[in-house]
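Structure below; questions to follow.
Naming follows writing order (A, B and C), and every chain is counted from residue 1.
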Amino acid sequence: MTTLLSVKDLSIAYKVGSNDVVAVSNSGFDVPKGTIVGLVGESGCGKTTMARALTRVIADNARIAGGEIAFDGQDLAALPEAKMNALRWRDISFIPQSAMNSLDPVYRVEYQIMEVLRDRGGMTRRAARARAAELFEMVGIDKGRLRDFPHQFSGGMRQRAAIALALALNPKLVVADEPVTALDVIIQRQILDQLRTLQRELGLSVIMVTHDISVVAYTCDRTVVMYAGKVVEDCDTATLLNRPLHPYTMGLKNAFPDLKSAGSGVLTPIAGSPPDLADPPDGCRFAARCPFAAELCRSTEPAPLEVEKGHIVACHRASEAAQLRLEASKPQTWEAMA
Amino acid sequence: MPEAAVIRKPRVLSRVFSAVRLPVGDPFAVVGLVIYALFIVTALSAPLIAPYDPTEILYTENYDLASDLLPGEEGHVLGTTSLGRDIFSQIVWGARSALLVGLTAAFMVAFIGSIVGLLSGYFGGWVDALLMRLADVAFGIPFLPFVIVISAFSEPSIWNTVIAMALVLWRDTGRVIRSQVLSLRSRGYVEAARVSGSSDLKIILRHITPNILPLSFLYGSIAIGWAILTEASISFLGFGDPDAISWGFMLQDAFNSQALARQAYHWFIPPGLAIILVVSAGFFISRGYENLLFPKLGR
Amino acid sequence: MSKFKSFLIRTLQLALVLWAVVTILFLMFRLMPGNPLAAYIDPTFTAEQQEALIRQFGLDQPLWRQYFTYLANLLQGELGYSFRYRTPVADRIWLLLPNTLILTFSSLIVAYAFGILAGAWLAWRRGTRTEAAALPVVLATRAMPEFWLGMVLLAIFSFSLGWFPAGGTRSAGTSYDSLWALYTSSNFLSHLFLPMMTLAIYSQGLPLLLMRSNMLDVMKEDFITMAKIKGLSPFAVVIRHGARNALLPVMTSFAISVGYQLQGNVVVESVFSWPGLGRELVNAVAASDYPLAQGAFLMIAVVVIAMNLLADLLYSILDPRISHA
């Protein structure tokens, strides 16, 4: 399998007052062509920042402080703005978390799809109109609704429209930022099924940013777990869920219900909150919340290592993972940390 | 019980105090405050600063009427009017009228508006319906024509003009305070006070009033500028107090004495600049307050 | 249909407001000092004229009956006779209304065109020295007495430079075949220019500040970020999506400004001897021509209230979230 995107050693810093807050530090992951890669972690872990960095449309006070974004033979981190802009949406498109706020309220949905097709795809008005109808069919909305304004759509329809918009120019990579978070569970499933189907049909590569490990379990081929601005574990989803190597991944698994079999088991949250990124701790960033933290964990930061083929983890105690998994499956292990 | 009163009083006081704290962090507001300070000092010490009585008709050393002198002539800093009055002295005394009009109108607007907003927001129901329809009417009345008619039909005095302004201008303050009270009323501590059986008066005075004072203050400070501008218009149109020297009166005097045709810029430019300076100082300060009260707006 | 209903309710509300204003007007003019007949009758009117007016307005009746007679007359457009012109007040007002409306709308169109562009530009230049220098200037224009600005422009451009006439709507001795010929003549337009600019300079501050702050808000919206991620041109991002959204409340404020401007006209028309409703009101009040003053006041109030209604209507038309609910 060829690699479409390879993020290496990426750092992104926000200027807050006179301080630099490093939201993503020296992190990387790969996206093999034609797969869905999940980027999962708590809010504030840097996953959205990382995803947005791929489009290079980031907050005014943020900057890419280092690293490389190798995409299709180019380094996006170093590309001149004009070249980057030429590549936006044509090669990398984006599905936002809240389609309501991401669609312009004063234009009809059709206009907003046609705008991209005409301005960025160079289509004629007639071709764009036909394509817009085709896109609506693809995502399962009646094309009669094209003439609606965004506020006339339901939440699920808006999210589908956002997907249609993202697919408009046949991009190589779709970055979806919490695409179903705002929806109820039934609609979530429908949208994820739709996305999954389209991804297979079109051979798309997708990055799925989410805080919800059940969404990852349901849709993603590979999963990258982030914690406090760092990638802590990265492997194929089945392995990640069955044999996680990082205690944080183990904890996350306990904290979410399963999308496939709702209502099984008790949820155990991970106590505490992530460290302040303006002043990150020495050692492992998860150490303060980790039930298995040792002396070494508090003093020295673990480097990400490929411990098995295609399974990267950054944990000093990764070799004891089998034992730790057993401990981690007991709620009292985590409750003791509260 | 007396202990509780002793403990609570300073809290209310400190709330009031924090309501009137000056927006010194904002450079705009600081400029405004400095202008206001100069303006107030000028108004208070007008007799000390002004070299002449502003209404006195002056004569030169040769016993000629000292009319239409240019700036600097015969020691008149800004020259004299066609009637032989000292322009600089009129500017200085005009500050007094402006201060009087501005402060009284601002006080009345803030006072009436706050009372209306409190009653309307706190009691709701028919009180609210009645007061808000009254506000609608106040919004339907053309402001300046109303003040003109009232000023013209009553004894010409600054007070009548101020009262006419206050009769209309309370509307904005009233509406804003009302919505603030509505949101305050649903807060936990007000509900708690109500459930625990505090009287309405007590709740209004202790829990609600301190929280709306900053808004009253903001709207009062906006009203200062409006009042000064309106009084100037009224005086300019000739419906003002004939005994008070105001900047609007000076402009009327200049306009009617053909100062424009004679290009006596030294006569009609200074009163206008004085009005701009004071009114924009008021704007700057109220902007500073807005930033203080609603920091997330950030502009 | 609830949209239609809410509009109907608003219309009824404003009709009530108008009724209240009319009542206030009635009381204001009846309760003024002096003879209660003075509101409609000038001592120099002939006995028959006085007789007729007393009958028409029921001036010998008790106050409450006078009030209903007054309302009935109003509904028929009867406003009494002007003391000074000896003509029906209504005729006089219809004669002056076009002048006032031309002045108001031309100045506001200039003010809004400038204010919207400059406001968007200042939002774009946020945090620069240009912005820091421009904002106090804009605030100062809001702090200017309009009539003073008129005086300064008049002194400079009319008396000193002689570029524009000093007052009125046309030069003495000129006449035109039709109103249209008058309003499109260079003679009329050169008379219009200075008062129009006076009001425009004063009025541009509101749309400018409103546009600027709306732009700053809108540019933080998610759909603007999305427009950038889509790789749309800066024009599309800032104008098509940013300005188009920021413009909504600014356009609504136009109607409010019309109502507000009519009040400012009172002083500016006086400075430029512009024969409009505002100057007429001032002159009528000064000359104790009560019927005319009352009529002019009423006309201004009607326009103010109508513009409040128009503002609501505009908003519901321009914002698809309301018009396509």
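Definition applied: a residue touches a chain if its C-beta (ideal position, glycine included) is under 8 Å from a C-beta of that chain, and two chains touch if they have at least 3 such contacts.
What you see is a predicted model; the values in this text were computed from it and never measured.
Peer 1: Looking at which chains touch, is this a line, ring, star, complete or other?
Peer 2: Its topology is that of a line.
Peer 1: Name the chain whose C-alpha centroid is most distant from the C-alpha centroid of chain C.
Peer 2: That would be chain A.
Peer 1: How far is the middle of chain B from the middle of chain C, if each middle is the mean of its Cα atoms, in Å?
Peer 2: Result: the chain centres lie 24 Å from each other.
Peer 1: Would you kindly tell me how far, in whole Å, the mean C-alpha position of chain C lies from that of chain A?
Peer 2: 55
Peer 1: Which stretch or stretches of chain B touch chain C in the complex?
Peer 2: 28, 133, 136-137, 139-146, 148-150, 152-153, 225, 229, 232-233, 236-239, 248, 251, 254-255, 259-261, 263, 265, 268-269, 271-272, 275-276, 279-280, 282-284, 287, 297, 299
Peer 1: Looking at the complex, which residues from chain A come into contact with chain C?
Peer 2: Touching chain C from chain A are residues 55, 57, 85-90, 93-94, 96, 98, 101-108, 115-116, 119-120, 148-149, 151-152.
Peer 1: Note which residues of chain C are touching chain A in the complex, please.
Peer 2: 221-223, 225-233, 236, 240-241, 244-245, 248, 319-321, 324-325
Peer 1: For chain C, which residues count as touching chain B in their complex?
Peer 2: Contacts found on chain C: 13-14, 16-18, 20-21, 24, 28, 32-33, 136, 139-140, 142-149, 151-152, 154-155, 158-160, 166, 213, 216, 259, 262-264, 266-267, 270-271, 278, 281-282, 285-286, 293, 296-297, 300-301, 304-305, 308.
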